[in-house]
Structures are given as structure tokens and as C-alpha cells.
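So, here come the structures, one by one.
In the two assemblies presented below, chain A is common to both, partnered first by chain B and then by chain C.
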Partner chain A sequence: MKEVSHGLETFLQQVINGLSLGSVYALIAVGYSLVYSVLLFSNFAHGGFLVVGGYACYAALKVLGANIWVASAMSLVGAGIVAVVTERLAYKPIRERTNVTLYLLIASMGMSIVIENLFVIFVGGRFRALPPVIPTSPVSLFGLATTSAFDLLSLVASVVFLGALQIFLLRTKWGLAIRAAAYDLRTAGLMGVNVNLLVSIVFFVAGALAAVGGIFLSVRYTLYPQLGGITIKAFVAAVIGGLGSLPGAVVGSIILGLAEMLTAGFISSQLRDLVVFSLLVVTLLVKPSGLFGKNVSEKV
Partner chain B sequence: MTEERTPLLEVTDLKVNYGAIAALRGVSLKVYEGEIVCVIGSNGAGKSTLMNAIIGQVGRESGDIHIQGAPLAKRNYQVVRQGISLVPEGRRIFAPLTVVENLTMGAFPRTDRSKIGDDLEWVYTLFPRLKERCGQYAGTLSGGEQQMLAIARALMSRPKLLLLDEPSLGLAPIIIKDIFKELRRINEENVTILIVEQNARQALLLSHRGYVLQTGRVVLEGDSKDLLVNPEVTAAYLGTGATRSAKAEKKS
Partner chain C sequence: MRKSVLFLAMLCLCVVSGAWAEETIKVGYLAGITGDFAAYGQPEVNAVKLAAEEINAKGGVLGKKLEIVIYDYKSRPEDAVNAVRRLIDHDKVVAILGSASSGANIATAPLVNRAGIPQIGTLSTNPLVTVDEKGKVRPFMFRICFIDPYQGRLIGYFAAKELKKKKAAILYDVGSDYSQGLREYFTKSFTEYGGTIVADYGFRGGQDMDFRAQLTQIKATDAEILVLPNIGKDLALPIKQASELGMKDIIYVGGDGYGEFMVEIAGKALDGSYWMYHLARQDPAMKPFFDSYKAKYNDDCQEFAIAVLAYDSLYWLADSITRAGTAEPKAIRDALEATKELKLHHATLTMDPKTHNPLDKDAVVLTVQDGKSVFFKKIRPQ
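Take a look at the complex of A and B:
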């Protein structure tokens, strides 16, 4: 009897943790998917934006002595600007010359290495802990399970930001233009949309969302220049959900977060990554376009 | 047409290359306010290239384009703000957006947001079928309805000049007739039209003046009623030629 209730408690706790982790993945995966939906390439520098966000928050807290709200705002804006600059420097010249998205993919791999190494050189490779600005105290959930305030906060923050993104995409003029461009960028241009501005907006939003993920991940795992490598999980989530589909990115992320945490809770923490990549392989075998994926032929 | 007036659109010696391929080899044409002008030509003549060069989707090698005497911008979004919009070849509606969202996209550059609602009503009176289907995803419309949507979408920016790239493509003759009738009505509501077509007969019947484009050059121009009976035109684009291309279209 006691064992059963203990099992239930672990289950509930791991579900909360899984939702929390999954929702952070979702912030990263959604930005990545947004870029993919408009420019049709996997932006491997996306992890770099996350790292920029993490370090910007760290610097604002430690160096400027800002509070967490100001530091977060600076982090979001900083990562957004870095994303826009990355696009202007590395991707725009390519997409203006060719339609071959493979070159964009290769450039993004290069930019990922550049960003990571800039941090190694100028900030140093060591692990840093953010000051304890986000509470991590245990919270009891109606006496059924205990989780940490941090997990609840990251879940709430993710929901808020994903909701805001949804409102932006569904209710604003530029949001509509982004949805149109995700189907056909050229024709969005025909409508009088400044395509370069649209792409910059997409990168800014993607960078800012990555920064939110970066702040929570640096509290969870500490901050270091290679932290961006964790976006591989968000990439996997986006592929499972269907590349270019935002609901797909969210659902894929939640599935991944739950799978990881339930594996850690009931089997072994070491098997987490194995489970993640097994899910990817199964998805690619069963439905290569992902859960919510469009068939490639449907895109122009 | 009175030649002293400043043309609404004036294209002078326009050249466009795709790498080594010369698609337009010096095209000049004029469109006056209130007119319907057509450019006819067979596959690969350069009709779409002409449209795309005017709207700013394809770069010019050389040549000038003026709108009401002022130089036309080179970037697509600026051209739209100067009062030109294009109904592209193959319609290119936004399939995953609803009909009304597609129309709203057409009004993107406008700042007079309060008047957009009136224009929505205006295009709905032109194409009542779009109103019935306003909440439907554009991808679920029939081919003819999609063409109506593409035209209505282009009108939502309230252009002075409407460019149409083969609006008859892939449509049944009866629907083509409907759409051309609407184009005449749109023209009567003060929208100047430049249309390129392979369907030479329909285009010449609709328009006031016409140009014949052949491998990137204008080889003939004149009033449409004269071109309709011009022996060169009838031989190459109307008589047997037209049936042949209609057959080819059916096959593809």
C-alpha cells in the first residue's frame, strides 16, 4: 500500500518535472521551428542565442546588479538582437543569392561554433551559477507530491511566453504576415511585406524565446559556453512534432520532457538520452514528417 | 489614346537576364490611366519575367520603369506602396489561411485601416462567392475561386495599376469568361490593368491595346481590335496556334 502511494507520488512529481522541462524545450523548439517555417533550414546557431541569453542575464545580475526582471528583459532583448545580427551577417547574403537552403544550414553550423567560441575566449569556459534569483524551494502539491518552485515557475513562464507568441501570430498584422510567409515567403513579399524586416522579426522573436529557455536552463544546469548543445533536444522535439509546425514543436517538447523525466524517475537517469533518441528514430521510421508535419510537397 | 498624357506606367528598354539567359532584350511599353493593356506571347516569351521585373521580384539588367512620371522603386514592397499590385501566375494564394485572412494580407501596406473594411465589402460585391466562403481555408477553394481570391487580394491594396499574369491558366472556358467579365468591371471602377496572357483571343477581346512579345522583344503593338484581325497574330496566336497551345495546356 505504501509502495503504491510512493509510486504515485513519484509519478506525479516526475510528470510535473517533465512538463516543466518540456515547456522549456518548447520555448526553444518553437523559435527554431518558426525560423524553419519561414526560411526552410535548421538554424543550428539557435543554441547560441540561448547561451547569449543566459550570459546576458548573468552579466546583468552580477555586473550591473540588476533585479531579475530587468536582467531577464535585457537577456531577451540581447539574445533577440544577436539573432537578428546573426541573420543579417550570415544568412541574408546567402538567401539573397540562392534558393539552396543547404548553404544556410552550413552557415548556421559555422555561426554556432563562432558564438560558442566567442564565449570561450572572452568569458571563459568555466561553469557559472546564476545568483539565487529564482526560488528553488520545495512546494507541496495538495499533499500529493512535492516539486520545486523552480519547476512550477518555468512551467508558468513558458506557458505565458508561448501564449503571447500565439496571440502575436493570430491577432496582429505582422503575425498574419509571418503565417503567410511560412507558407510562401515570396508571395508574402508580393503583398507589400518587407521580407527582410519580416525575417528579422522572426529571428528576434526566436532569439528572445531562446533566452527565456536559456535563463531557466542555466539555473537548472549552470551556465557554460556549450549549454547551447542542449538545443539538440529541442531540435529532436521539433522533428517529432513536425518541422515548421508550432503546435508540433510544443507537443513534441512536452512528450520529450515527460519521457525524460519518467525514465529518470522509474528506470535510470542515464537512460534519458537513449529514450530521447529512440523516440526520434521511431518518429522518423513511422511518420518522417512528424506528428503535425506538412508534407514537403505541400510547401512551395 | 492621347499620346501627350504622362503614362501611368512607362517601361523603357527593359532588359532582364537570368545568368546567361536573356529573358527580356529591351522591352518598351506604355499603359495610360484607365486602360486595359495586354501583352500576348507564347511559352517562354518573357511575359512572367516582365511582370516580375515591374513588381520588383526580379532584378533589372538595364532600362527604366516610371509610374506617373516618377521612377519606380526596385524593391517589391516599395513598388506595392507606389500603387501597383500583381496577381501572380498560378494564383499563389495562401492555402492554410482563410479567405478573409488572404484578403487582409492583400491590404498589408495600407495605413488607412478604417477603410479596409469598406474595401473588403467592395471586393465581396465583385466576387460574392468569396463572401460566402470568407471563413474557409483558401486551399479548399476551387481553381476558379482561387483565381478570384488572388485578384481580390491584389485589389485590397487599392492599386492604381493591377498586373495580371495569365489569369486564365488552368481554368475552364466558362470560368475564364466570368473572370474576364469581372476584370472589365474592375477596370470600370478606375483600376488600370496590364494583363499578360497566352490566351490571346480572350486578352485581345478584353483589352484596349496590345503588345506581342516574342523571345524577349516586342514585335508588334497596336489597338487590340486591329491585332485581332492582324494576319500575323491570327496565324501565330489565334487560329490553329491557339488550339495547339490549348491542347498542350490540357495535357500538362
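Take a look at the complex of A and C:
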């Protein structure tokens, strides 16, 4: 009997681990999906925005001595602006010249390398830890499992920000415009929507969400220029959930977080990436548009 | 017009580099300035430059100044191979120092052997760096540090005999020669001393950043110590996450992958952990080094092991060139191999000609108190 309860405890613990990992993936995956829904390409520079957010928060805390709220706000705005500037510099010229989204994809890969290397050169490659602004002390959940206070906070923050995004999309004029553009960007433009402004807003929102993910990731995993690499998992989550679908991105992220933790815990820790990418392959074979995706003929 | 300017610029470059080659002895250095070992990269570069400056200030070697050619191998074996090729073919160095990584040095060994240019690994502790699979020494590969079997044995000996623990869990990097080597030799020695391995989990270094799945499984066992045969961030993150999961009684033990910057990541959770190490900061013989480092770079040299080994590697090389009486690579190799009772800053070095490993080097155990590593004791396993 004791064996069984011990096993159950470990299982619960792994489920909580999975949910907290999934919630951070969700913040990043939603940014991917948001950009994809409007411009129909996967923005691989998204990981770069996340890194910008992390370093902006670090700088605000360490250099300016700001408190966590001010630092987070500066980080969100900073990453949002970098995202908008990236779009203006690298994607807009391509967007205006051609309809082929493959070029945008390639440009985004380039931008991701550019951003990473700018940090390596100007900030340095070493690992930095944010000051302990977010509590990470262990919290016992009804004596059944232990989690870090930080995990609960990241879960709450994910829910709050995703909720706020949902309200923005459903209740505001620009939200309506973004949803219209997600159906058809051209037609939305013909209907009098300022497409360039709309795309900028989308990038700003995606950048700000990436910054939230960046702050949480850098508290958990420390901050370094290659931190953006973790977004590959969030991208997989977005594809499994259906690129372009926001609920899909969230569900995909939770599935991925759970799959990773349960595989690593109960099957083999070395198989976790194998399982993650197998899930991706199976999704693409069985339901190429993902769990919640709309049917699109071309997916880049 | 533009073409001719470019041509002129290239011509100038050739002339400049040609002129340099005559006055100096060129030594290559492989540094991990970016990539996985980035935290260790800057200190080693600073330290080797400091050593060169000191040696040159005293008149250089054989009346010539040492010139250090530094390449970033990005902590990747494939880039190390490219850098070594360039150092040999283009820069025409007489010897290569670095890298700190076993994986990179195993990859470059065939190259330096073919070209006949000696290379000295600083922190590359895997046996295969200097000895091939058949047990034959690689003639042009050397190292200044002790090796993984010795390090694994140290952890096993320390855990079983000094800490008197019987049950150990291991969390190791499946993609790293270093980590695999330490794990293998720790397991062997710990079980020989009567201990049991109750959990043995892997992760993928450089990619996995979340270790909570493995840690949760380890928490469910009755392991008394957690052996972390990893490097830097891959040591600090599991410790941080373990403390977040409420694992406060387990003792962390590891090898020379420990770095002071880990304190910034793992904080208080690091206190009371033990690390098998090459040298201690408190060693009085090292004080001049730390003083000049601080004076030159205004930095405390957190990653001191790699820095000191890089620093002493150049002193070792300078001594060998002096003994050889010529800066000819083959003669340098013979002199390196014949090194006996050479007093360097951190240790006295004697080469084993059969393995090119240092003979009977004492190891130091460090422990962490209030976020600073302190000397615990000197050990040599029996």
C-alpha cells in the first residue's frame, strides 16, 4: 500500500512538473501562432524576442535597480518594440514584394541568428541569473506533491496573459481587425484596415508575450544568448495544436509538457526528445493541420 | 579602383604577418569563448595572455617573444578541428594550447599527430585525449590536468570513505564523453568500496534545461548523495531545481565541472556540496597569479581552474622550448614528454611518457560555504 501511494505521489509530482513546463511553452507558442495566423509563416526569430525580453528585464533590475513590476513592464515593451523593428527591417520589404511566405521564413531564421549573435558580441556569452525577484521556494500541495512557488506563479501569469490576449482579440477594434486579417489579410486591407499598422500590432503583442516567457525562462534556466533555442519545443507545440490557432497552441503546449515529463520520469529520460518529435511526426501524418488548425494548403 | 585598394590592403596584411613570424614564436590557443563553455572562455584567454606578457617581459623564450594566436572553437569539436587546421596551415604555430574540452581534443588529436605539432589540453580529462583506443599514446597530445578515471575514482573514494555514504544517485549527460567517463569510473570505484547506485538517469546536455522529471524519480529513492558528473550550467540547474522540489537532505558531489558562477544560478542550494578539483584558490602559491589577474583585468577570475591551467600550460611550454633549445615542434614534443619535477604555479609536474598524463597529482576537495568555494581537504585515493 505504501508503495502504491509513493508511486501516486511521484506521478502527481510529474504531472505538476509537466503542467508548469507546458504553461511556459504556451506563452511562447501563442506568439508563434499569432504571427502565423496573420502572415502565414513561422517566425523563427521569436526566440530572439524572448532573449531580448530576458535581457531587458535583467538590465532593468541590475543596472537601473527597478523593481520586478517596472522591470517586467520595460521588458515587455522593449521586446515588443524589437519585434516591431525586426518586422519593419526584415519582413516588410519581403512582404511587399512577394506573396511567397518561404522567403519570410528564411529571413526569420536569419534574424534569429543575428539577434543571438548581437547578444554574444555586445553582452557576452556567459550565463546570468536574475536576482531572486520571483520566489522559487518549495511549496507543498496538500502534502501530495511539492512544487516551486515559481511554477504556480508562471502558471498564473500564463493564464492571465493568455486571458488578456483573448479579451484583446475579442473585445477591441484592433482585435477584430486581427481576426479579420487571420481569415484573409488582403481582404482586410481592402476593407480599409491599415495592414502595416496591424502587422506591427501583431508583432508587438507577440514580442511582449515572448518577453513574459523570457522572464520566466531566465529565472528558471538562467539567461544566455542561446536561451531562445528552447522555442523549438514551443514551435512543435504550436504545430501539434494547429499553427494559427491560439487555443490549439495552449493545448499543444500542455500536451507537450506532460509528454516530456511523463516520458522522462517513467520511460527513459533519454527518450524525451524522441517522444516530442515523434508526436510532431504523428500529428503531421494523421492531422497535418494540427488539433485545432484550419485547413491550409501550404504550411511552412 | 576599389579592387586595387583591396589588393593593397591584402598585400600590407601579408607583409605585416610575414614580418611578425620572424620575430616571435607563435603559439595557438583554442578557447571556448562562445557556446556551452562560454562562461569559462574569457578567463582562459585572459590568463594565457597574462602568462605571455609575463614571459615576454622577462625576455621571452630563446630571445624571442611569444605570440599567442587565439581562436574561438565555440565549444564544438567540429569548430576545434577547423581552428587547428588554420593554426597549423595558415598561422604556422609551433604548438597549440587548449582546448579545455575532451571531445574537442579527441577530435583534433589525429590532426596534430599528422602535422607533428604538439598540443596541450588544459582541462580535457578524458583518457582518450592522449591515448588511443588500443592504449597507445598519441605522440603529440599532452595534458596538464588529471584524467576522468582518476576523477571518477576520487568521487567514489570521497563519497564512500570520507562521507561514509552507501547509496548514490547519478544524473549525467548522455551526449558528453566527460560526463560518461566520470559516471563509469565513479560507478566502478563506488561499488568496489561497497556502495550501491540506486538511481542512474541521463539527460541531453546543452538541450535539456528541465531536470525535474529525473529529480522527481531520484527523490522517490533513498539516495544519500547525488553525483553530478557534469559541467557548469548542467550542474547548477539540477541543484536549483532539486531544492525547489524540496530535496534538502541529499548531498551533491561532482568533479571539476564546478564553476564559481554556478552560485549566481543555484544560490544557497549549492552550500554544502563537494567538488573534486585541480587546485584551490586559497593555495598561497597562487596568490601572485590572482593579484596580477585582478590588477590587469579588474576581475576576480571566478573560473580560476581553467585560467590557472591555461596560464601554467604556457609556462610549461616555455620551459620545454627552453630545454629543447629550439622552437622546432618535434624538439618541443620531446622536451614536453621528458618533463620531470617541473615546479609550476599550481603543482609540480612530471609527465608519464607512456600516457602523456601527469603522474600522481594530488586532488583538492572544495566545498561551498555561503556561496564561496573553500578548500576542504587534499585527497589521493587508496
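Heads up, the rule we're going with is that the second predicted complex is superposed on the first by the 295 of 300 C-alpha atoms of A that agree within 3 Å, B and C clash if a C-alpha of one lies under 4 Å from a C-alpha of the other, contacts with A are read in each partner's own complex, and residues count from 1 in each chain.
Rule of thumb we're sticking to: a contact is a pair of C-beta atoms (placed from the backbone, for glycine too) under 8 Å apart; a residue touches a chain by one contact, two chains touch by 3 or more.
Note that the structure is predicted; figures quoted are calculated from it, not measured.
*Asks:* Is A:103 contacted by the first partner chain B, the second partner chain C, both or neither?
*Replies:* neither
*Asks:* Based on the superposed arrangement, let me know which partner A:186 touches: chain B (first), chain C (second), both, or neither?
*Replies:* Touch status of A:186: first partner only.
*Asks:* Comparing chain C with chain B, which touches more residues belonging to chain A?
*Replies:* Between chain B and chain C, the winner on chain A residue contacts is C.
*Asks:* Give one of first, second, both or neither to describe whether A:168 is in contact with chain B, with chain C, with both, or with none.
*Replies:* In the superposed model, A:168 contacts neither chain B nor chain C.
*Asks:* Give one of first, second, both or neither to describe whether A:177 is in contact with chain B, with chain C, with both, or with none.
*Replies:* first
*Asks:* Contacts for A:194 in the overlay, against chain B (first) and chain C (second): which applies, first, second, both or neither?
*Replies:* The first partner, chain B, only.
*Asks:* Please write out, lowest number first, the residues of chain A touched by both chain B and chain C across the two complexes.
*Replies:* Comparing the two interfaces on chain A, one with chain B and one with chain C, no residues are shared.
*Asks:* Taking the complex as given, what residues does chain A use to touch chain C?
*Replies:* 6, 9-10, 13-14, 17, 21, 120, 124-129, 132, 136-138, 140, 146-148, 150-151, 220-222, 224, 229-230, 260-265, 268-270, 272-273
*Asks:* What does chain A use to touch chain B in their complex?
*Replies:* Per the stated touch rule, the residues are 173, 176-177, 179-180, 183-184, 186-195, 298.
*Asks:* What residues on chain C touch chain A, complex-wise?
*Replies:* It is residues 33-35, 38-39, 41-42, 174, 201-204, 207-210, 212-214, 216-217, 219-220, 232-233, 236-237, 240-241, 243-246, 261, 264-265, 267 of chain C that touch chain A.
*Asks:* In their complex, what parts of chain B are in touch with chain A?
*Replies:* 55, 57, 75-77, 80-81, 85-86, 88, 92, 94-97, 101, 104-106, 108-109, 153, 157
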